[in-house]
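The same subunit A turns up in both complexes below, where it pairs with subunit B and then with subunit C.
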Partner chain A sequence: MIPPYYLTIGTFVCINILLALSIGVLSGYAGQVSLGHAAFMAIGAYTSALVTRNLHFPFWLAMPTAAFMAAVIGLGLGLISLRLKEDFLAITTMGLNFIVIGILLYAPFFGRALGIGDIPVPSLLGHELSRFEFLCMCLALVAAAIVLLWWLQRSWIGLAWRGVREAEEVAQVMGVNTAKFKIFAFVVSTAMAGLAGSLYAHFLLFITPYDFGFPLSIQILTLAVLGGLGTIHGPVLGAVILTILPEYLRFIQDYRMLTYGLLLVFVMLYQPQGLFGHKSFIMRHLKPRKKSS
Partner chain B sequence: MKPLLEVEHLTKRFGGLVAVSNVSLHLEPRQILGIIGPNGAGKTTLFNMISGVYAPTDGIIRFKDEEIQGQKPYRIAQKGIGRTFQVCQPFKDLTAVENVLMAYGSFHYDRPGCFKRYMAPQFADKARELLALVGLGDYADWEAKDLSLAYQRRMEIARALALNPEIILLDESAAGLTHEESMELIEMIRQLQKEGKSIILIEHNMRVAMEVSERLYVLDHGELISEGSPDAVQQDQCVIEAYLGSE
Partner chain C sequence: METFIENLVTGTTLGSIYALISIGMTMVYGLLKILHVAHASVYVLGAFLGLVCYRLTGSVWLSFPAAAAGCAVFGYLMYIFFYRRVQDEKPLIPLIIGIGLFIAMGDAFRLAAGPYSISFKYQFARGPLEIGSFHITPHQMLVIGSALVLLVMVWLVVNRTRTGLAWQASAQDREVAMGIGVNANYYFGLNFMFGSALAGIAGVLVGLYYAAVNANMGEVWAYKVFVVMVLGGLGSVSGTVIAAYLLGLSETLIISYLGYFLPRDAIAFILMILVLIFMPSGVMGKRK
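Right after this comes the complex of A and B.
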């Protein structure tokens, strides 16, 4: 029997992996910055909570609905990204985060500052999922997301994303419809964030706008950047480490966040490609060296 | 013979600056045209308009009887106009073969084929063939940033060829090359012509421009000041003044 504490940590690891992978698609592959990804998690969480509570959707239908809603807003952001780049896009996504939180805080439909409670526990064939079963479902979704991204990155789409990331104008001259692939990256990325939001809502059963503020957006970005953008394993390992590490730093209590912050600063200073990114210190030592001819 | 590419009265203004003014030229199938002129003459701007990077302020670009001015660069590339860049623009973190595959994929990006594996052997083999054609067969798996300038320029030509273009725009492909490398480039350009490609090249290297071009166009301050055979252009007083200045 796994203690509930570990089940909770395991579930948050899965949710964070999905979030890290979602930002990994957008920033790591397609090179588009997002400082407002928590907004898409919020859209997913609120959609899932509202359709299950008010419209009595089953969780299994609410989850794709949440991903779809986040993707629709993501599509809008993708269209905006065609006119904005880098810093301007980053600030726009940040603004989107504030707009979403603002709407959630001031519209009575979304429960304002009190948020939404009584979110149904997911059930399958009349049986409510236990915490262990919920974790198993999350692990299955993480596995599915990894397979999907692995498949995309080795397809022409993945190559087009890398073209957009490295030199958009050149990719266009090479025949790549960069606008289409940028928008596609936004749709895939935000759908995954929406999915993570749905899992979050149905795990905690109570959500408020404050759960999805700007600091969470930064935290999501940190998961992927620390692990290593441009890879699948980087964001996954980044999410695992940064979800579990704070738990192990509890013994230093008040200095926990300081230590955590310093760690990030040092990693970025000395391993800007992330701990597990291409050609990072760790990956260089893990990969077998080529024999010289 | 009907021209493959016709440029008529092309003009590009950047605010008050007229980068290209009322330039017309035409390219016939299997022809090699050279565009020369001092720095800032508007040569690369002309290429940028033909390849769709800039929309012209005025004028017409007709490729196989279709007006293409102002179309998106990827559309023009997919129609069959490939190009290289004055300052090499490789995808640095991609290998040479992936760089070539990027262009080769133009046949897949807008179709359901975009879900296919880009490194599938049949695609990779084609890209390697193109790299071998430009003499980079042994460097296919090198990251582009590790290639020398000359090799990066060759890789750009392979990348342009991957589009299966009818026209290739070579923007100062001989810049920074040694004498031997320039000679190899001339040989390669002639080989491409034999294979049915039409080529427009911008060159500062007069030896390359004079040796391979069937017809030369000379730009100065955005205007076409001379055109004709290399021998005729060499004798043209306007060209001499543009390069050397007048007394």
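Right after this comes the complex of A and C.
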């Protein structure tokens, strides 16, 4: 048997990969930065916790509901994003994070500062999932997300997203309905964040508003930025590294926000495409050189 | 009536502090189109420098120039080492760098000073001033008075000096300004120094006003400054000052009469998002 400690780390790696991929869709492919992704995770986690506890939804129904609720709010943000560009969109997403946490902290329905406890453990055919089975489910979801993103990236949608990211006006002139694709990126991304939130809630079985504050949004952004935006392997590797490394290097745990902050600064200064992004230092050395002629 | 006047005084005090902190960030945005998020940590640095100076020398009046000078140097270094290298990149890169600096410095302050508030008490020789129902404490007088003096100074520097002229020219069109011999990078550095010095003074004022300094005092203000900037019409100094007092007063009055229906920063952000969506040029900004 695998010790529970490793199962826990494994599950957190999976949740973080989903979060990193989710911000990767939005910021990496479609070029819209979000500084409030933790808000969507919170929406997913609270939805999932409330419907299973109060309405007795099975987990398998609660998970899509959580993704759906997050995507609905994401759709609203997508509509706002049509009026706001770049850095102002970024501040708006940050503001959304504070507003969501503010509402969770003030409305008695959401349990205020105490959060929600007694979230049921997911069960399948009357059998409660063990921690190992939960990890397997998370791994399957990560695999599904990677396949979905890989397919999206190769399709016409991925092409349109890159168009929006690189030159929105040009894409528009070429006949791409940029508004539609931008909103779609928001929906896909926030749905994934909501899903990750649902997994988080049913893994920890206890959530509070403080779990989903602005620092978490920054952590999610760091995962993807460090790995490399605009790729699939970048956010995945970023999430794996930044989740496992602090477990082995305990001092990082104490200086967590300092580390994340400095990582963001220096990656942006020296490797803005991330450690494993296109044409980054590492990737240039990993790939066999093609003869130039 | 008495509570109303009291709220007016409190709101003006708050507005003065918002104005002093926001001016630096607004000027940076006007010149470089960079959202200088790390500006709020300069203000925390100012508060700590002021406190240290006060503890060492026992004089509050010395801590103002000390904080201003320390923050000016720090702001200049921030420009040289970080922002200057990315000022021509996509706006997201300087934004993320600013956030990284802000997060890292917040943690650095916490590690250096501990998570608790440090007392910054100073008793003025005279008591509060009372004229009928009008009541103002010396701390409030200090904040409002120094804000007035500094705002007049800002107006003079921006409108009556060569440096101010160079800032205005580079804000309008950097390339043309450089073409006619304005060393834009030099003036950008000066601008960071100037804005950071103001934020440093604001830090000391806040420390004195609340009689305490702590490592995360920058957080709430950092987000409020965005609200002030957006309300003020992005990059307009006069608009920012008006927006700062407007926010200070309306916040105090709303909370005093309606109570908290949401945390303070959530209210400010809802206001900011509404303004961004429906009045993108701010209360004072010009229509494009």
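In this section, the second predicted complex is superposed on the first by the 273 of 293 C-alpha atoms of A that agree within 3 Å, B and C clash if a C-alpha of one lies under 4 Å from a C-alpha of the other, contacts with A are read in each partner's own complex, and residues count from 1 in each chain.
In this text, a contact is a pair of C-beta atoms (placed from the backbone, for glycine too) under 8 Å apart; a residue touches a chain by one contact, two chains touch by 3 or more.
Note that the structure is a prediction, hence the values are computed from the model and not measured.
Going by the touch definition up top, name the partner, subunit B or subunit C, that contacts more of subunit A.
Of the two chains, more subunit A residues are contacted by C.
Under the stated touch criterion, which partner chain does A:Leu35 make contact with: subunit B (first), subunit C (second), both, or neither?
So A:Leu35 only meets subunit C here.
After superposition on the shared chain, which partner residues are touched by A:Pro58: those of subunit B (first), subunit C (second), both, or neither?
Once the two structures are laid over each other on A, A:Pro58 reaches no partner at all.
Touching A:Ser155 in the superposition: subunit B (first), subunit C (second), both, neither?
After superposing on A, A:Ser155 lies in contact with subunit B but is clear of subunit C.
Look at A:Leu264 in the shared chain and tell me whether it touches subunit B only, subunit C only, both, or neither; answer first, second, both or neither.
In the superposition, A:Leu264 contacts subunit C only.
Pick one for A:Pro4: touches subunit B only (first), subunit C only (second), both, or neither.
neither
In the overlay, answer first, second, both or neither for which of subunit B and subunit C A:Ile99 touches.
In the superposition, A:Ile99 touches subunit C alone.
Is A:Glu166 in contact with subunit B, with subunit C, with both, or with neither (first, second, both, neither)?
In the superposition, A:Glu166 touches subunit B alone.
Where does A:Val176 make contact in the superposed view: on subunit B (first), on subunit C (second), on both, or on neither?
first
Tell me the contact category for A:Pro246 with respect to subunit B and subunit C: first, second, both or neither.
neither
Just to be sure I follow: which residues of subunit A are touched by subunit B in one complex and then by subunit C in the other one?
none
Quick check on the complex: what are the subunit A residues that touch subunit C?
33, 35, 80, 83-84, 86-88, 90-92, 94-96, 98-99, 101-103, 105-106, 215, 218, 221, 225, 255-258, 260-265, 268-269, 272
Which positions of subunit B touch subunit A when the two form their complex?
51-53, 72-74, 77-78, 83, 85, 89, 91-94, 98, 101-103, 105-106, 108-110, 113-119, 159, 162-163
Where on subunit C does subunit A make contact in their complex?
35, 82, 85-86, 89-93, 95-97, 99-108, 111, 223, 226, 230, 261-263, 265-266, 269-270, 272-273, 276-277, 280
Applying the document's contact rule, which stretches of subunit A touch subunit B when the two form their complex?
Spelled out, the residues of subunit A in touch with subunit B are 151, 154-160, 162-163, 166-167, 169-178, 180-181, 278.
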